[in-house]
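Okay, so chain A shows up in both of these, paired with chain B first and chain C after.
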Partner chain A sequence: MTDVKLRNLEKVYDGASEPSVKNLSLDINAGELVALLGPSGCGKTTTLKMVGGLHDVTSGEVLFNGVRVNDIRPEKREAVMVYQNYLLFPYMTIEDNIGFGLKMRHVDKKEIKKRVGEMLSLVRLEGFETRKPAQLSGGQKQRIALARALIIRPKILLLDEPLSNLDAHLRDEMREMILKIHKSFGVTTIFVTHDQEEAVLLADRIALMFNGELHQYGSPQEFYEKPVSKKVAAFFGNENFLAGVKTGATVKTEIGDFDVEKSDVPDGKVTIVIRPESIVLGDTGHNSFQAPINRRIYMGTYTRYDVRVGGNAWNVIGDPNYTEEYDEGRNASFSLPKEKIWILEE
Partner chain B sequence: MSKRLTITLLLSPAILIIVTLFIGGFLFGLFQSFGYMPIIGQHDMSLDAYRNMFTDTKFFGSLFLTLWISLAATILTIIFAIITALAMRQTFKGRRIINFLYQFPITIPHLVIAVGAMLLFSQSGMFARIFYALGIISDQSQFPILVYDNLGIGIIYVYLWKQIPFMGLIVISILQSVGNDYEELARSLGANRWQTFRYVLLPLIVPGILPISIICFAYTFGSFEVPYLLGKPFPAVLSVLAYRLFEDVDLNARPEAMAMAVFIAVFISILVIFYKKLIKRITGRT
Partner chain C sequence: MSQSAGLSKTGVIKKQSHKQRQSNVMRNIVLLGIIVGVILPMIPQLLWSFSFRWYFPSLLPTELSSRAWVYVANPNSKILESFIVSLIIALSVTAIGIVVGVPAGKALGMYKFRGKELIELIILAPTIVPGLAVIMGIQILFIRFGLSDNIVGVIIVHLLPSLPYMIISMAGVFANYDPQFEEQARSLGANAIKTFYYITLPVIFPGIVVGAMFTFLISWSQYILTIMVGGGRVITLPVLLFSFAGSGDNAIASALSIIFVLPAIVILIVTSKYLSGKSGGMGGFGSI
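After this line comes the complex of A and B, so read on.
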């Protein structure tokens, strides 16, 4: 079992003026599955390759179990990559593809054959030994790629958007397989994705990056309930923001005063954040206000309302069975449960 | 007018020239190789020239020399093309200049390189003189025999000079299209640099250069001017031997010269067919 620590990691590519990864520090526990999440170009792959030793570190440190591995060559790190586009060696059979890592370690041929068989049954592709990669579907290729990585019993598994090339239902299947394998192998895993839903479904913890920098690191719930910035909240699909001024346990806003729970945020300018599903529609009690419904969208299991709150466009999620009083164009009342309000320092 | 007809018409002058010069020339040579030479009153056709050729030890000496030169030039070209292409992929200072120098020989005709090699590397050439003047050798004949040598080193050298950058460019473009991902993946799976080259890069490169290697081989096998300038009088490569027989004052040597030319043409045609098959297999698979 291996834990991974990144210390002030920085990467400037040759000829680049800006670093692609800046001052990144991250602790990953042994056996943990961490999702490295962020929009395209934010430095996820770069980070992964620095952990795997495939790209040099410009400054900072990579530690495995407390040991600095910056200068350890990739083939000695036992941190294996799996790529979005599978990268099965096209000229090798499936058997040779999976056995590649063992062959490079000069493992006995019989032993390789045995372990390839085990791997194939692990990814439920028994009998595929003699096929060529071109004869496989995308989902099958990715399972082979996973088997090829796992056969060497790596200390760390580095997955770079392994589900991105798969269609929706294959993606679900593959995600379940990754979870299952992660549980049974207990291998420390870093999973790169730009899809927050995927990160939430898979990860023990999520590290969210923007522009080469780590913005938030924590459990999936924390990203929904306690985003560290408006940007993080927006990335997780919540743009219910309201500016105000905090004094003690009250926030004064343009649509009224709201009682909030005690928090570490100092008094002064703040932003209120609340999840669409935490807002109570039709409640005129505590912490309530009136606002116009711009749009109502029936989503089957719920109804989404686009509401104008002060100068902001909010989403509110309500019962699928709406009544006339919440028709488009009407004013409705809403309340914000005190314990569901999250406050951000401006 | 159909598109196909237009294209045919547009190409017809070129086709006409190719047909007359190439096919016509070949047929002319073929008939002469059968001993059909009305100019000297020979109308009977026979396979005598071929029989003579295949029982002639001179022919086999030339054939082996030709095969040796072609094979050595092709294999060395492949090796150096891969090495230089891998080197050119690195980023280093002065890369652009090196790159220019690397590709420069492609633009120079074989003949010019051959003459240059003669002036530089023969025992009466410039390097021999410089070495002698510097006292490194006490006599110009001590300079190693690099042209007019037994193994055709001078000839092979000229082919390499010309072919390495050419094949190197192909390898570079293959490497570019392959990208770094396969190599990185192999490293992370536990392959060291050498293993990565041996088990990943090489199998990705070789299918792409195999067809062009066949062309290289075929070209070297049939080409004339470089061995004519830089080769020993005996044994000479096939094309030179054929030319000598063709030049012979004795017109009776003509059919054997033509038989040799036909032999070369057939040999190369077989290689070209092989090349076509290979290309089809490679492109057919992807």
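After this line comes the complex of A and C, so read on.
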């Protein structure tokens, strides 16, 4: 079991003026499944490749079990990368592809054959030994790429967008497979994704990056309930913001005063954040206000309301069975349960 | 119906892929082209080389003789010797071409850098500007460095028109080459040498074959540059061939020209697989 620590990691590509990864520090426990999440170009792949030794580190340290591995060549790191586009070696059979890592380790042919067979049944592609990569579908290629990485029993598994090239159905299947494999191998796994839902479904912890910088690192729940910034909240689909001034346990806003729970946020300018599903439709007599409904959208299992709150466009999620009072164009009552309000320092 | 379908050991139906069949067809077309375009025109030459007398209206030689071939085989005629000299020069040029052309092609095909267009132009220039136009200046330079009148000088000057083809061929291969395949191999435990052997080489090999073929043939058929730099002391096959072509001895000139094109035909047939279809051997500088 191997833990991974990144210390002030920085990467400036040759000829680039800006670093692609800046001052990144991250602790990943042995056997943990961590998602590197962020929009395109934020430095996720770059980070993964620095962990795998495939790109040099400009400054900072990569530590495996506390040992600095910056200068250890990729073939000695036992941290195997699975690329987004699979990169199966095109002129090799599936058997040779999966067995490649063992061949490089001089494992004897019989043993390789046996273990390739085991791997193929693990990824449910028995009998594919003699095929060529060109004869495989995308989902099959992905599973072969995974098998090829796992056969050498790596200490660390690095997955770059493992699900992004698959259609919705295959994605669910592959996600289950990754979870199953992660559980049975107990391998420390870092996977890259730009899809927050995927990160939430798979990861023990999520590291959210913007522009080469780490913004928040924590459990999926924390990202929903305790985003560290408006940007993080927005990335997780919540833009229910309201500016105000905090004094003790009260926040004064343009639509009224709100009671809030005690928090570490100092008094002064703050932003209130609340999840769409935490807002109560109706006047509970506490933290209530009136706001116009711009749109009402029936979503089957729930109804979504676009509400104008102060200068902001909010989403509110309610019961699918709405009443007349909550029609489009109406000025309706809403309440914010005190314990569901999250406050951000401005 | 489908002669290419069969059952593999595991019982999974294995089919020859569509692409595979297509490239076989392409290969046959190339071979046919070689036969029609190269071998058929050789037949009159062959007849000439065995003729003693062959006058205008008759369709076949009036009298046959092996005189020309006896002459060719005679060590005093220096024909076999010049064949070997040509071979040594062309093989050396090819070897140097590969050693220089592969990294140069990689740089041009894969990396962006300042002044790249200019460098591409300079590399292409020898394929556009005739060698004769620059040979005078080169000759003076070679005399100064003692490269005149010897085989080393000839090898170097042959690189001039041939290297561009090697570099262009390799640039084409590398333009479509994903360096992440190498990373993937490293990540799976292959060191740099094994990565080159198992991953890089199979991908770039067709390009090397095609580039090497061009290089060899350009050197093999070089006349002017050999004469100017070799100064009549480095006798290659084309140099002999030209002197016989002017001598009026058609039988010997024909025998010589057959010997001259033989390696070309052998090379074309051996490499036809890489010349056909999308084997990656033919490329150009690519899009980057």
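Following the convention adopted for this analysis, the second predicted complex is superposed on the first by the 345 of 346 C-alpha atoms of A that agree within 3 Å, B and C clash if a C-alpha of one lies under 4 Å from a C-alpha of the other, contacts with A are read in each partner's own complex, and residues count from 1 in each chain.
As a working rule, a contact is a pair of C-beta atoms (placed from the backbone, for glycine too) under 8 Å apart; a residue touches a chain by one contact, two chains touch by 3 or more.
Everything quoted here is computed from the prediction, not taken from an experiment.
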| item | value |
| --- | --- |
| Clash or fit, chain B versus chain C on superposed chain A | clash |
| Partner chain in contact with A:H215 - chain B first, chain C second, else both or neither | neither |
| Contacts of A:Y91 with chain B and chain C, given as first, second, both or neither | both |
| First, second, both or neither for A:Q135, with chain B first and chain C second | second |
| First, second, both or neither for A:R105, with chain B first and chain C second | both |
| Partner chain in contact with A:G127 - chain B first, chain C second, else both or neither | second |
| Touching partner for A:I152 - first (chain B), second (chain C), both, neither | both |
| Overlapping contact positions on chain A, where the chain C interface meets the chain B interface | 49, 52-54, 73-75, 79-81, 83, 85, 87, 89, 91, 100-101, 104-105, 134, 148-149, 152, 158 |
| Partner chain C, residues of chain A touching it in the complex | 49, 52-54, 73-75, 79-81, 83, 85, 87, 89, 91, 100-101, 104-105, 127-132, 134-135, 148-149, 152, 158 |
| Of all residues in chain B, those that touch chain A in their complex | 91, 181-182, 184-192, 195, 199-200, 203-204, 207, 285 |
| Chain A contact footprint on chain C (complex, rising order) | 8-12, 14, 17, 19, 178, 180-181, 183-191, 194, 198-199, 202 |
| Of chain A, residues touching chain B in the complex | 14, 49, 52-54, 73-75, 77-81, 83, 85, 87, 89, 91-92, 100-101, 103-105, 134, 148-149, 152, 158 |
